[in-house]
Every structure is written in C-alpha cells, then in structure tokens.
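Okay, so chain A shows up in both of these, paired with chain B first and chain C after.
Coming up: the complex of A and B.
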C-alpha cells in the first residue's frame, strides 16, 4: 500500500503547472482532432448530443404544428413520416444514449479517482464514430431522402419493395454504424470501472452513478449487437437481395421484431438506469445526508439490468403470439416495477430525514419523480396483456413512453447539467433562470403529454400525419401542441442560461454543492491530469467523511509507482485489483493521436460507399480503416 | 347516461374528460363489444389502484420535501430507512402487482376464444384500405364490416403487403395483420351501432387515412343484408346512372375496381359493389355523399396524397354520370 501524505506537500519540480504541461493537448484544431482526454471527449459528447436534441426537438415542434388541428397542411404526409422517424431515431440513438455516455465519460473516471479511461484512444474513437453516424443520418435531409419507416423500421414496409429509395439505407447503416460506438464505449466503461479505481474504492463504496454506468454497459454489451444484427440483416436484404425478412420468400417479419425489441426494450432501461443513477447522486447531496438504502438501490439497478432482458415481447402483444407464451412476458413486465418502487422509497427516505435544499438540480430530480411515477404506473398498465391490446400503437403509448423517455430521462439529464456543468466549465449557472426553466419545462411537459393518454382512449393511433374533425381529438391535440411549445421555451431558457454562464457566469469553486464524491475534490474546471496524487478512499462519502482528503505518493515498486506526482508526470494512472481496489500496477495514458479519427473516418467512408453502392468508395474506406487499425496496434506494442 | 354519471363520480376529472369525449367519439371506455367491455373493466380496477399509488407516493415525496425543508440537520431517529424501502418499495407494490396479475389472467382468459359457431369474415389489409369478404356468400366489400349483434364473430386477418393492425376501440383491442401469418380476432358485439376502426400499425404514406367502419345490426337485419348482397346488384334504373355504368366500363375505373355482375373485375382497388351504402369514402378520408365522391374521383391525390388511385382525366359530364352510377350502388 502506498504511503499516505497530506496534499499540502508539493514537490517543486512536479508542480501542478508542470503536470499541466505534460498532460496538455496540442493547441487549436490539431488538439481538437487528436485529443484522448476523457473530459474533453465527455463534454464534446454532451454538446454534440444536445445539438441532436435540439434538431430532433425542432422536428417534434413542426409535427405538433401539423397536429394542432384536423386536416392541417403544415407538412406533407411524406415529410411527416420522415420527421417522426428522424425524431425518434435521433432522440434515442443520437441524444439519449450518447449524452449519458458523455456524462459517464467525464464523471466516471473522476468519481472512481483515476486520470483517464482504460482505453483513451478507443474513447476518442467511439466519439468520432458517434459524430460521423449522426452527420451521416442527418445528411439524408440534404439529399432529400430521410428515413421514413418509423424508428423501429418494421419489415416488410422497410424492405426494397415498399421502400425503394435510400431513405431506409440511411437508417439501417446509421444504426449499424452507431452501434459500434455504443458498444466499444460500454466495454471501455466496464474495464475502467473494474481496473482503474482509486485505492480503497471498493465495489461497496462506488458512487451510485458509477454503478448505474456499470449496469448500462453490461446491458449495452449484451443488447446492442442484437439491434446491429437486425439492422445489418435488413441492409443485407436491401442492398444484397437476401431474404431474411421477406415473408413471401420464406423470411420472417416477426424475426425482425424479436431481434429489434430484444435490444429495444432493454434500451429503455439502458437510458433510464443512468438517469436514476444521476438522481441518486443529486438527492442525497441536497438532502445533506447519505442515500438511504444504498445496497437496495444498487441491487435494484442490477435487477433492472437482468429483468429488462425478459420483457421484449411486451412490444409484440398484438402480433398473434399465443396468450400462454405472452403471459410470461406480461408477468415479467409487472415484476420490473418492484426495483423502481424500491428506489422511489429510498429517495423519499433520504429526503424525509434529510435537510432538503431546493436548488435547480434538486427541482429537476423532484420533477423527474412526479413524472416518472406516472410513466411507471402506465408502464405497469401496458404490461397487462388485454389492456395493451387496446392501447398499443395508440397515443396512450406515445404519452407513456414520453413520460418515461422524456420525463424520466431528460429531466435527470437537465438536473445533471445544472449539477455538474460548474465542474466541467468552471462557471456557475444561474439558479434563478434554472428554476424558471424547470417550472416552464415541467408545466409544458405535462400539458403536452398528459392529454395524449386520453387521445389514446379515444382511438387516435400513433404516426398519423392528420386526422378528421368530429372525433373528439381536436381540443386535446391543440393543448398538446401548446404544451410542446411551452416545454420548448423552458428548454430555451436553459440554453440561454448555459450560454450566459459560459460567457459571464460566476467562477465555480471546487465543490459548490458540498457534495461527497471525488469529482468535487479537484479545481473547477478539472485540471488535465484530474488528480496529481490519487486519493485514498476510506468511505462511501470520501469528501464528507475524510477531511482533509488523504492522497497517495508514488512508491518505487510497479504496483504503486503511478499513484503520486511522479506517476502523473509519466502520464500514468494506477491499476487496482477488481474487488478490493488494492494497487496492482500502472497504465500509461496514450499521447494525443489522429488514429481514432482516421479509423472512424475510414468506417464512415465505408458506410457511405455501401449507401451509394460504390465499390471504390467502400474499398477506400476499408483501406483508410485498415491503416488506422494497423498503425494503432503497432503503437500499442511500442509502449512500455 | 346513468352509467356515465357513476363513472364521473368515481373517477374525477380524468375520467370525466374521457367519458364525455367518448360520447362524441369512439372511446374504448364506452365499450360496445365483449372484449372492449372486459378491458374497460380491467382499466377501472387499474385506474383506482393507480390513483391510490400516485396520490400516496406523491404525498410522500412532497411531504418528505416539506419536512426536509424545515430542518437544520439530518434526523437520526424516526422511521428507519429500511422501513421505507420494505413497506413502500417492496411489500405494498408487490400486493398491488399481485392484484393486477390476477386481473390480467382473469381478463385474458375470457377473451378471443375460438367458437365453432362463429360467423367468419375475412379481412385483408391493403395499401391503404381494407378488403372484406364473407366466405361462402360471394359478398365482397371494402372499408366496412356488417356484423350481427350477439353472435360470436371471427375475423380472419391477412395481408400480402406490409403489416397493418385492425383496431375498433369500442369493440376490442388490436390484432396485427401480418404477411405470411393469418391472425384471428374473436369477439361478440353487444350493441347495434356504427363503430369506427383504424389501422394502428404504421404502414406507409397513407397510414393516417386507413379507417373503416363496423356496422353492427340485429341478427335479423344482418341476415337480410347478407341475403340481399349475396346477389349482384340489379341494373341501374336511373338513366344517368345507366350511362355512368358504361363510362365506368370504358375508362380506367374497371381496371382496378370490381362491381359484381358487371365486366368491372379489377382487384387493385376496393370492390365498389355497394359503395353507395357505405358510411365513408376512401377508407374514412371523406364522408360519403355525391358531392364528395365527385371531388374524390376528380382529384384523389389531393385528399389522399400518395394513394394508389391515379387521377383519371374525365369530362365534367362523364364525372356526373359516374357519380350517379356509383351512388346508386347500394
């Protein structure tokens, strides 16, 4: 074990400024392309994801205008179908998943007390793949053929016969493409969490957010390859004339649905588990006490991870699968409510005996609870087989999944922005504007989505570009449209708040919220090397229980050489043992490099070649990717 | 209305909105068929439980915040964290979910059971309309199902194109219409009336305009309808309509549409043998009147952009004749 010293002893030679020099990226655009710093990548993930959030949000606003009244002519039927497909696809693939990966990227290494991710170059690679996939998908607007088959792209509507254009190829290839990003990102989180924790950061002391990212990553690794398979087979059908999903030729369209939802249902929880993890970080800090029932909460997250893999047929209740088989999935759908119930009462207990402070992050966490409560209840309802027959594919389901995916995921993400942005940008956001934004979003959200439950009861199916008057749908749709714009205004207030804070915000102290976890130990914004000396963790709430916070020194042996300033000066970060986090070695953090960018670009060119079916472009992409890959492995062999 | 009143009393604002709107529209909570009635029953049980859960948990959340705001330092004693988690998070939810599981099994067991006496109707999902056949009678129609009240019914659903979904909220839940896999929807209608149905699975550019109607009649009326329509329609009596029939044969119409007993035997578009008696045109896109039929034939792409029916160039005179002919087909 490393010797423990107090932080005020600073070696002159290895001063913070010196370490900053060693860890810094090259300046300007070159540094932008070459960086492998998890913090830059994490922030960039978040910003990029928000760009897609605003883009797909705007699509939604135009759709709401089209539905504001019966027989409106804002959008043609083709355009409406393209808009809802792109809205769903980009919210799921280009906003929700990557924004959580972004927070994970920034926060996970900080919360476990290390200097970077386990595979920093892979990390840069997954960002570049994500951004190329996003650009690829949105480029479909430029050539006038955005995907139009709905975000789950059911065959045979999406096969060559019924969707002849390139629209669905953009979709299928983008899904395969971004699956690479999500999967390698998850592998990175897994290895980082298991191997790079600071000494003493046992599993039992992991912050709940880190647990949630661990569950997120396991779920991604087991489910995303399945949707990649589904989209990949669909593209084989479309581009190369195979018949996996063509019923007339012996293929099975239900096979596609099984494959899609085997990922699609866990995906809901993939998004939702880190959001719950964020809430479990925010609520205790603003209740000034430890989270009640830590072990229960962690067990709930893990349980959700497992159970969510048994729910996929939930989406196929009306496909004619025999009731006995379906009843199993109905039962599993009910059971998954229990872990969420546990978390609810853990948060309630935390506040009940704590000292509650209604800051903006806390308001978003509370708004999340009130919204998710309803989304969870309607979730139980749709797992009731016969009731689902009535409401599936109706606006009731549209309401339900927006309560879950917008309310229960986006609200915690906004809470997280207000909570962690001071650490990331070194500036405080305005509390006043933040609270105004919260209330506007909360009111707008309920105004927009609550009436949709009733529209479902009244028989309004989802994905209709228009409707006739006289069906009792007009007033409720108008209300929903008004709500959507109120919600959007609330989002705009937060955007203004953020831009203002970056420009003129008050400088953020290291720990503005008096929080308990390690990311608040460092200056704001975090220095390049995160921790000059790796902290020594002795509690689940290090910053509350350990004052001053003990940090470690580099020892002479390989196990401890990376712990202190000498390690930081060599760009090393310590490896520790999987269970008990005892020092076990050193890992060298790679230098900034173009390789991830080149490899991702190669794949992007390959995908573009597949889209236009040009062999030459495809080969060019393969060569570019191969160069990146070969050079990459070569360099790894050189490092000590 | 008395049942509606009771409902209002029990369920408050939410139910009021649904039930009132349901009077005008087609609410699944205003059931007219066996399946919809069972499901509405299950809904009211779940709704009661949901209200209870929402109010109790929300009161706890708000209560916890208010308690927590008053204090200066965290409380050491009082209800233990474990008690919250066990009672609120595990025991109570498990009991409620058990009740819901029983309701689920109980409701499911009562529904969609095969019955050998059932009246069989074949429905095929098309792009973007519904083809309806009554096996053994030769009756073919479109976008409208005539069904008897009180008799078990079995609708056989097939598609040779994409996936659709058959949904009449006041009669029952959805059944997907899947190519390569016939599905069956079995139910009984409990009250005569006209019920609107829609396609509920996204099926392409005109998914929004793929509605249909169920005309539920007393068994006597139904039998009479069935007997009458088993025969091809008689020659048009009206002079204008008779001329319309000739135009209909001559121009493109007959290539895609069938009128039984005539030389029009096209199958790409809906059978028009009884189009004059239907509630709506173009799968719920327009009300059925001579005026809207005229507008529809003159420019189908205006009302249903992307539909497979082309605009056929017709003189105003020919149009008038065709409309007279088609409206005479009852």
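Coming up: the complex of A and C.
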C-alpha cells in the first residue's frame, strides 16, 4: 500500500522559518487574548494553576500557624472556617484538576504527533472559563464573604437558613462555572485522541499518559454533570427558594451527599489517574527500558475509571445507610486497590530490570511511590467499615487524603514539571536545586502529615480551629506545623529553580532525557507548528526503536496533503481513522480569535448576575454568550 | 502500513504515505463526536435529576408530597407527547436530504419539526400555568419544576438552533462538504425527544403506579 519515494530537497518556500511565521500568534496582548495554540494554552493553564496552588498553600500555612499550639489566636473561628473551605476548594478545583489539564493540553497533541487539539478554540475557551471561575471564587475575599461551609458544602449547614450571606453562593456558582471548563476540556481530549493521532499511532502504541488522559476525560464526562447538579440544586435552594435539601418540606440532606460524592470519589481518581500516567512515563525513561506490563498498566487505568464510580458511599459510612449497601461499597473500596497495586508492581519491575538513574523527575516519582504506598494502605483501612467508624471526621482522614491528594498527585506533578519544563521553556532546570527541593519537600511532607494519623487516633477532630492543652496533641501539632513550613520551603526552592531556569538556565536540547515519545522529537521549546512533517509511528517507543525517525511528505490529494510541509503551510493537521490510525483527511487549525474569551466573559457576567441577583446583568451575560456562540459556529472564508 | 527506506547517512528517512481509497468516509467528523460527547454529559445531568426524583420519592411517605394530585395524563398529554416524538421523523428526512444536496426538503422538514416542537412547548407553558403548586411549595414541586422546566428549556434551545440552521441554509453556508450543522442538530433533537420519554415516564406516569 505504501509508495516509497527518495528523500527530496525541501522547498525553500516552506522552510521552518516560513512555517513559524504562518503559525505565529499576533504579537503582544492581542495575541495573548486571541491565541488558540495548545502549547501556549497548556503552559498558561499550568502557570495559572500554580498561582492558585501558592494562594491555597498560603491559606494552609496560616491554618498550621493557628494549630501550632493550643489556644492560639492567629485566626478567628470564622476565618478558620473560611480558610479551610477555600484551601480545599481551590486545591481541588483550581489547582489539581487544571494543572493536569494543562499538562494534557501541552503534551497530548505532541505525544500523538499532531499540530493542535481537535477543537483549538474550545481549548482557549476552557482556559478562560477556568481563569474567570478562579477569579470569581477568590473575589469572595475582596467582598469579605469567602465560602465557609467546608469544601463539600454539606446541607443543611449550607442552606440559606444556616448560611445566610453570599459566602456559599460564591462556592456553588464557582463549582457550576468551573465544571463547564473541565467538561469541554474532556470533550477536547477525547476527540483529539480519537481523530488526530499520527499515522501508525494505533491504540496499543499510545503513550500511557495519553491513555490516562483518556480515562480522565471519560470520568469527567460521566461525573462532573452530577456535581453540577448538586451545586446547581443547592444554589436553586439558596437563590430561588426550592426545597431540595430542606427536610421539613420533603427534601433530603442525604441526597446532597449522594450527588456530591457520586462525583467526589471519581474525582479523586480523575486527579490520580493522570498522575499515575505521568509516573508511567518518567519511570521507564530513567530506568532505561520499556515499561513492564504496558497492557496491564493500561488495563488498570481503565479498570480504575470504571470501579471509581462504585465507591462513593464510603464517604457516607457514618450516615446510617442500610448495612447491605455499606457492605457492597466497602467491598468495591477494597477491590479498587487491585489495579493500583498492579501498576505499582509494574513500576517496581521496570526499575528492577532496568538501570535506574536518580534524576530529579525520577526522585519525585520514587517519592510518590513511597507516599502513595502509605496513602493507599490507609485508603484500604478506611474502606473497612468498623475502622472507618472509629476515624471518620478525625485527623486520620485528613492525613489519608493529604497522602493521596498532596503526596500522590502533587509529587508526580512536580516530577512532571522537572521532566517536561525543558521542552516547554527550552531551558534546563538545575538538578542540584531540584534534588534539594525534592528532599526538603519529601521530609517536610512526612513531618507535616504523618503525625496527623496519630492525632486522629488520639481523637483530634478535623476542622477544629483550636484545642486545649493537656490532650496530648500539642507536640504532634507543632511537628506538623514545622513540617508544613519545611514542605513550603521545598516548594519555594522549586519556584526559585524555575524562575532562574526560565531566564538563565542552560538551553535544553531536543531530547535531554533520551526519552522514547514523540514530544522529544521537536526542538526545545517546541516550534509553533509542532511537526513540520508528521511522524510515521511504527513502534510503541518511536524514538528508541525508529532511528532515524521517519516523517511523512505531503501526498498529492487532500486526504494526505496535511501530513507534510504543504499541509503545515496551510495550517492543516491530519485526521486519521479511529482504530488503526490511517490517513483520512485533514482539519484546518483556526486562526487566533477573540470568540473564546468573549463567550467565557459572557458566562462570567451571567454568573455574577446570579450572585447579586440582578436580572439585567444575567440577561446581558446570556446575550453576550449566545452571540459569541452563534458567531463561533459561523463558517467564514478563512475557516473552511 | 508504510515501509521505511534504508537510512541515508544521517538524513532522516522520508516516507510518503499511500492515499487511502478515495470514497472512504470515516464515519462522522470531529464536530459530530464533540457534540455527541457533550450530549452524553447532558444525559448525565438528566440522569442525576431523575435519580433525585426517585430518591425524594423513596424518602417520603406519600407521593406527590403534601396532597398534590399526580399530574394528569389524559388525551392532551398523550397527543403532545406524540407530537414531540413525531417531530423527530422530519429530522430523519432532513438528515437524508442534506446528504443528497436536496436543501428544499431540508428546509421544509426543519420547519415542520419546529412547528411540532413549538406546539409542545406552548402546551408545556400552559401546563405550568395551570399547576396548583410552585417550585417552593415542597421538594416535589421543586423537582417537578426543575425536570420539566429543564427539558422545556432544551426544547426551546432546539427551536433556536433549528432557526440558526435555517438561516445558514438560506445563506448558502451548508453544502455537500459542510453539513455538520444539520447532523449535529438532528442528534440534539433526537436526544431531547428521547429525554422526554424518560421524563414523561418518571414524572407523569410513575406517580400513578404504586
């Protein structure tokens, strides 16, 4: 089927410089607003998410100061409630999920060998929605009423009788708002992976990180609408007087918990699966061999995606649910440990059979494994009903979910920063500073969170703003506070490392780690067009097995023209068939446009209108959004 | 699928990939898949609301709550249900006609379908006017208004999208190679009709079964 041609001298007209010019955004602030480039959006996602990481991290440090000793007066009880609510909410919604989406945005098109996402403008839209939702949530501090009902905002505490004021409205509306961003992002990842893979990138050659983003996206599609329902009904109760969660009029507070955790538990895995995917990319590269048990690892990720929808009730063991239901959810909670265990052994086997190189990304991956081992074990413990009843709502639970969400998600993210940032900014980060940062973070993390297990056993409940001395909690709390600051110092070292590398770092070669996947084929930083000629994939580890790497020329007909430079010059990227990834046409990457910004702004105005209950503002936002949306779907001369 | 040349020094091998058979159409395009997945999220939204309906019902001793009469399902309800479900039929014609480039049929079919949808919407609005309870009366009133109201909103949005498609047809923006708008709308409209089957069965019929 293939026709073989001799290498040809590249036409001067379609030189790399010419392509760079064709793909470049307009300069300055205009380009900033109009860009639809997945790389720019991905990096911006990561930076913005880290801003929220630092903000909510600072909230945590202040809380640790308050808890450093008994009867401290750093925070009032009211402020303490606001701080832990905002810390949890923004870490989950504004850091963890978006930072993973950011890495997905940058890396997924590169790893499957294409020039952009399937819907570049939608991609820009999901970024702007994320930013506006984040600003909206943090604006609550400016008007002096940040959310204060805990990050899961249980009713009846959060209904309008017990929580008057706008605090919880900021929370509910922000959750609905950011759900839009996460959802359309997931749609984009799915369609990109289905339609845009480079020729030969069949499903069994997909990098594990791409698989993990696929699973991430499926879980988002089926779970986020349910938390939107939970927060949406809560807001209807609060703003318009419906009675969903008001027991006196037939409503049910337990209903809220079901709706929230139907998303809430898959969400843990929505965050955790891409983190595992990152680790499965980093470990083989620094063990200098292919990942052991690729098929098993991928099957485990997919299995987690399904099973995670059957565990939500284990957050509600203490609510008086019938024993039969509890037994079922307890059993599923134990079962989900199996696919995670399989991956764990795959990583161990990879290192065992390989030659391990202890670079900073690898250290973070190893640190992740140790922390995840502990977080996983405590996870199995709390899925056992009698144990859960003893520790529920205690610091043991706080320790458990920080081992999972901070340790087992944030450590891989830092590993990913050290691993992929050279590709993104074209500069190497300092290994020495990186290792210092890792060890500081690792020690600080365990100092901060391990004592919390014991505090839980000693009976310290979560969410208390202070405690009396003489309960045996003083020393452990002080230790945790010290650990938190050590951890923060480690994070600061990485920030310094990044800032230094960004301006002064050594230039990064195309493939500094001798890695195997396609993103390392291009120059660092990646050219605007990603690949002048789309690679032809014949292996699961193209850059290891295919040396030199074959790339395509433009074919003579529209079906294959996009593959080579001619397609790149037309801003096209090839479409391929769903299973076997054979060429099947092209899509044109749209020009930079204001539309995503305008549509996101319309929704932001609508949400603000709902908050202040001003019909006029709401209608204005609706009209702005509708006009933007219709204009979006309009085919014009330049978007065929 | 493609065979590599022998390496020529350090110059990367260049390969041209064979063109696939010309008539090959790989099912649906990106736009269709994107909207299909968005519709799946809408489906989850309705699923969550229907689950909420039955959860509230299971948690209460009488249903509907507070002595409210179950919704009437007389001839009128069945007629308008048939009208909405029937409005999917012209959409099938439109779907087939747009692929053959018969845009007159597409326009007529969309118009018929919209009229049927609009009739359904008017009936729903009249129904709401006749209700003896509000969304704030009790949890039953709340879930009734939200489910039926959200579905009606979807019907209304469908009418607007249909009008936009009509305008595009009229302006000549839809042709043999660009008919995703029609495909996507038809998918959406079938979805809205299918949701009505679930809503009708749970909110209108189920209270009569006990």
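Couple of notes before you dig in:
Criterion: the second predicted complex is superposed on the first by the 627 of 640 C-alpha atoms of A that agree within 3 Å, B and C clash if a C-alpha of one lies under 4 Å from a C-alpha of the other, contacts with A are read in each partner's own complex, and residues count from 1 in each chain.
Going forward, contacts are C-beta pairs under 8 Å (C-beta built on N, C-alpha and C of every residue); 3 or more make two chains touch, one makes a residue touch a chain.
These numbers were taken from a predicted model, which means no experiment stands behind them.
In the superposition on chain A, A:255 makes contact with chain C only, not with chain B. By the touch criterion stated above, A:458 is placed in contact with chain B alone, chain C being left untouched. Contacts of A:385 after superposition on the shared chain: chain B is touched, whereas chain C is not.
In the superposition on chain A, A:156 contacts chain B only, with no contact to chain C. By the touch criterion stated above, A:228 is placed in contact with chain C alone, chain B being left untouched. Contact with chain C, but none with chain B, is seen for A:187 once the two complexes are overlaid on the shared chain.
Put simply, chain A uses residues 252, 254 to touch chain B in one complex and chain C in the other.
Partner chain A is touched in their complex by these residues of chain B: 14, 17-18, 21-22, 24-29, 35-36, 38-39, 42-43, 46, 50, 53-54, 57-58, 60-61, 63-65, 67-69, 71-76, 78-79, 81-82, 84-85, 87-90, 92-94, 97, 100-101, 103-105, 107-108, 111-112, 160-163, 165, 167, 169, 172-176, 178-181, 183-184, 196, 198-209, 284, 305-306.
Contact residues of chain A toward chain C in the complex are 1-8, 118-119, 122, 183-184, 186-188, 190-191, 194-195, 199-200, 221-226, 228-229, 233, 236-237, 240-244, 246, 249-252, 254-255, 258-259, 262, 533, 536, 538, 546, 548-553, 555-557, 559-560, 563-564, 575, 577-578, 580, 582-585, 587, 630, 633-635. The touching residues of chain C, counted against chain A in their complex, run 1-5, 7-8, 10-20, 22, 24, 26-27, 30, 33-34, 37-38, 40-42, 44-45, 48-49, 52, 55-56, 59-60, 65-66, 135-143, 145-146, 164, 168, 173, 178, 181. Chain A contributes residues 76-78, 81, 149-150, 154, 156-157, 162, 247-248, 252-254, 287-289, 292-293, 296, 318-320, 323, 327, 330-331, 334-335, 337-338, 341-358, 366, 369-370, 373-374, 377-378, 380-381, 384-394, 454, 457-459, 461-468, 470-473, 476 to its touches with chain B in the complex.
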